[in-house]
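In the two complexes that follow, chain A is the common piece, with chain B as its partner first and chain C second.
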Partner chain A sequence: MAGIGGAETTGKKVGWGLLNAVVVIYALFPVLWIVSLSFKSSATLADGNFIPREWSLENYQNIFSTSEFTRALINSIGIAIIATAIAVVFGTMAAYAIARLDFPGKNLLVGVSLLIAMFPQVSLVSPLFEIERSLGLFDTWPGLILPYITFALPLAIYTLSAFFREIPWELEKAAKMDGATPGQAFRRVIAPLAAPGVFTTAILVFIFCWNDFLFAISLTSTEQSRTVPVALSFFTGSSQFEDPAGSIAAAAVVITIPIILFVLFFQRRIVAGLTSGAVKG
Partner chain B sequence: MSQTTAEKTGTAPEEPVAPKKKVALSEGKRAERRLGWLLCAPAAITMVAVTGWPILYSILLSMQRFDLKFPDRTEWIWFDNYVTVLSNPYWWNAVWVTVLLTVVTVAIELVLGMALALIMHRALVGRGIVRTTTLIPYGIVTVVAAFSWRFAWTPGTGYLAEALGGEPVLTEKIPALMVVGLAEIWKTTPFMALLLMAGLALVPDDLLKAAAMDGASAWQRFIKITVPIMKPAILVALLFRTLDAFRIFDNLFVLTAGSQGTSSVSMLTYNNLIKGLNLGIGSTMSVLIFIMVAIIAFVFIKLFGTAAPGSDDGGKR
Partner chain C sequence: MAEIVLDKVSKRYPDGALAVQEVDLEIADGEFIILVGPSGCGKSTTLNMIAGLEDITDGELRIAGQRVNEKAPKDRDIAMVFQSYALYPHMTVKENMAFPLRLAKVDNATVEKKVREAAEILDLTQHLDRKPSNLSGGQRQRVAMGRAIVRNPKAFLMDEPLSNLDAKLRVQMRTSVSRLQKQLGTTTVYVTHDQTEAMTLGDRVVVMRGGVVQQIGAPQFLYDHPANLFVAGFIGSPSMNFVPASLENGSLRSVLGDCTLTDRVRQLVEGADAPREVIMGIRPEHFEDAELVEATALASGGRFTSQVDVLESMGSDKYAYFTLTGEQAASAELQELAADVGSDDVPGEGISLVTRLSSSSGAVEGAPADIWFDADKVQLFDPSTGRNLTYTER
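Our next item is the complex of A and B:
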């Protein structure tokens, strides 16, 4: 009898193992394919094999030998970090107010950020293109940072206010009882407790900025502020490399590494952050 | 609750009977308001500055003949741009392509995402591995994933093209759209699954066990218990995904660049605006897309009722 039960659980475990394997293969094979492509030598690039017949680093040497990619990488990192920092600071302040304070106009702010979250980004591209050209912001870092902050803010505000609702607020009351102003209670007591939520939000916002393509391709025109996704799409047309596929694959792998690292280290937090804003019990 | 506190601690002695009339706020209450506005100001100002004026400006632009190639021929033409766009077969083709891609991909994502959510929720072994790997499609840059698919389908280079006999799939409308749909589904199903998983967590295990005791099959339990409880989560996931799918751009740009009539509305707007430098027509399309998205959002919010995200302000006190 014990044997039957044991067999059943083993059977179940094998079943789950198979299901898991299907999911893992589903999620990984396009990634593995581009990694494989990036390690193919130029001679074997077009052989259609999933696994390289000849491993080589020449694609990586190629992309790092020109400023086309390295400059784009610097732009991507710089723009994403600055936009993330500003969006998270503004978002934290607003989310604290929404979660904790009572003031007129709060629902308006929530409504506006919901509207922006749903907003078709392409509808902003036409006016921003013209406005940024007249303000001299076109093809500059701030020209991209501004729309990124704007579209990251709803995400930040939702995720953070969901996190802030979970914090034990009695501590804040205790701090106020001891004579702290609301501002002091925020800085000294709540901010340290909120740090994990803020950190998660920062990761989500960074991924959003890192991922953007539409603004980046519409509001830039030169190497000066082009980000990597855009630079990648330009490798194809006018490239000095023999076959752009190898270079594109190598560059793609380089910009995928930070995301994979985030996901590996902060899986739990990212899942919590993505789901907290969506469903409130 | 807070209102009554304000009235009590407010200037009660001076105005003993002031019903309905706004009572002067206590010092603490006023400080709280000030702090609230102060904390929200940077976020609110940024969002309004970057979206508010541009939205108005795009409406103004859409009523002008404004082509950067011929800047001196700029003039007010009111609704002529709308007539031009709405009588253009390319526009309608793009609208149908976008609607078709949105409906088909979101429907498939819902089914796959639900399956994935159930796997992640119930997995006996390897839950961590599954959750971690499913986050990779979510996190990866869309353009990167799109290139992976493009190379996979390129005859000669790609394993998928080779497996199907080297037919060039990306040069014909229907096969190309199927590849674009596939790329979309691959990329966004995990996001759908995560949102649904949050809803699954709300379904009480005891209820499912009780139903199983009473002889309900797994399918009955899913349809009669799990889905009704999850309804708000499903609607949120559908709303987010539908609006996001409607903006499809990155995958199309890399996979087909809108050739062979595969343009979405975003792709067509981009081509008119950045490639064609026609601000008037581009802005007209922007406004039309905005109206379509507003209609979709309105329909969903009608369906949501009170479950709309943001309408909940519980837990603030």
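Our next item is the complex of A and C:
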């Protein structure tokens, strides 16, 4: 019996291992291909080799030689961080209210915010374009930050209210009894416990802002506020005869770095079981 | 430290449900008072109203002579220990205990000193730098107590603080809670559903049922002189036996045999304008094996013979259980008590009886025993209202 059981689990293990390998390769191969492309010189760009025959940093030097890319990088980082910060702060407060309070129109509020998240963004681009032009927000940082917050907030509220619901209600009562104002109770007891939720949300919102192409290409026109995904699409190569694929690959590699850093930085704070020990469990 | 006065305090929820009805209670400075009752009797609601966690619908709450109905919990200067402890999991034991002081903007040196003192009292000194998740249940409970005592509040409120502990630890903590309260001399309101805690801890006990106070008094007084069926059945473990009985010309007739009422009981019953049909209540310790009772005493009590169902020998005495044929005593109060202990869905055939006999009793399981009870200790209740017909202030 034990032998058969063992064989079965070994078989299962191999099966799962294979499946995992396929998924990992499927997900990572394009990334590796881009990395490989980015290290090829322009002459060997189209040779089809997976491992570059001659390694060169030419593409990286190219993209950083002009302000087109560096400026876009600054725009992207600035816009994404500001939008994330604002969305998370407001999202935290809104989610807390939704999780804790019973106020008239609560379900309506949650419904409307979900509706916003489901609304096809492409149908909003033209009206937004007109609105921003008449308000003078077109091609500015706030012009992108505002729509990002709008679309990130429902996501933030939804994720965060789930986290808030898990925090024992009695902790807040205890804080009140210990002499805290509602504000103090929130800042010193509830918010620290919701930190994993806040960081998770921050990561999600940041990735959403960072990757957005639709709003960025529609609501910007110059280097002043153009973000990286858009700048990438404007890459032309140093001459019109040159294929910009190498530069695009290099830029693509560069823009994944902040995301990885951001996720790694916050992931350490996403610790499970932060509320354990609060109440008898 | 201060006295707390509840003046016709009521709580009505928005849906119209009346959770607490006109509670009148004066808690003296330094008194240890217990609110006890089955679940849903309004004891926790009353505590939360004193704490300020729930609004008072009607009536007035005064702490140290000041009306505090409208004051926020933080301005009432009272500390609370929760059933779930509600420790802040992201803070160490020290930070947990220092939290009320930090909020009160006490300077660092004082915070340090007070936390040390509290930790010493509660034997937590070596755990100060640990997080709540690494503590045992008893230690968590002590941290919760520590958080309450550090700032010398006017009063402590405790909401079933021991009910999450295992039985042995609970007994241990019970004595330390009692000692701590004596040591600090702080007014304490303690909520529990456990009548043993109520009996052992409090200076006075408030028995509640359905949002209404049934009786207030010292534990021994409640035990000896319950105001009604509910208090009689709730206080005491094992609980009082209830048997339907009828009064005829100064004698009491029941399945426990006829007995003549003693003068004391007769006077009380006559004064109370008793109906003919009553419920007779008698505590297990007022029974005895008839062979061990002197002849003079035998005459002043009732006697019956029945087969012993179960005999539990506790060493110091023996518990004998009987099932007598007859109708069970019926009343709303008794049904509620049965529901609270979960025995209402066990339809018992006949009347079950618990008796405590001397350890030298020769009663044997499965064999008939001759049992005597003390007629002077009998309590008689009105079946329709539950009122104790033999109630006396003495």
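The rule is short, and it goes like this: the second predicted complex is superposed on the first by the 240 of 281 C-alpha atoms of A that agree within 3 Å, B and C clash if a C-alpha of one lies under 4 Å from a C-alpha of the other, contacts with A are read in each partner's own complex, and residues count from 1 in each chain.
One rule holds for everything that comes next: a contact is a pair of C-beta atoms (placed from the backbone, for glycine too) under 8 Å apart; a residue touches a chain by one contact, two chains touch by 3 or more.
All values reported here derive from a predicted model rather than from experimental measurement.
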Touching partner for A:E54 - first (chain B), second (chain C), both, neither: neither
Touched partner set for A:L193, first chain B, second chain C, both or neither: second
Touching partner for A:L232 - first (chain B), second (chain C), both, neither: first
Touched partner set for A:D178, first chain B, second chain C, both or neither: second
A:V112 touches, of chain B and chain C: first, second, both or neither? first
Between chain B and chain C, more extensive residue contact with chain A: B
Overlap of the chain B and chain C footprints on chain A, listed as residue numbers: 181, 274-280
Parts of chain C lying in touch with chain A, wherever the complex brings them together: 51-53, 72-74, 78-80, 82, 84-90, 99-100, 103-104, 131-135, 137, 140, 147, 151, 157, 164
Chain C contact footprint on chain A (complex, rising order): 168, 170-171, 173-181, 184, 188-189, 192-193, 273-280
Interface residues, chain B side, partner chain A - complex: 2, 29, 31-33, 35-37, 39-40, 42-44, 46-48, 50-51, 53-55, 57-58, 61, 116, 119, 123-126, 128-145, 147-149, 151-152, 154, 156-159, 161-162, 186, 190-191, 194-195, 197-199, 202, 232-233, 236-237, 239-240, 243, 246-247, 249-250, 253-254, 265-266, 269-270, 273-274, 279, 282-283, 285-287, 289-290, 293, 297, 308-310, 312-317
Interfacial residue positions of chain A with respect to chain B in the complex: 12-13, 16-17, 19-20, 23-24, 26-28, 30-31, 33-34, 37, 45-46, 48-50, 89-91, 93-94, 96-107, 109-114, 116, 118-131, 146-147, 149-150, 153-154, 157-158, 165, 181-183, 207, 210-211, 213-214, 217-218, 228-229, 232-233, 245, 248-249, 252, 255-256, 259-260, 262-264, 267, 270-271, 274-281
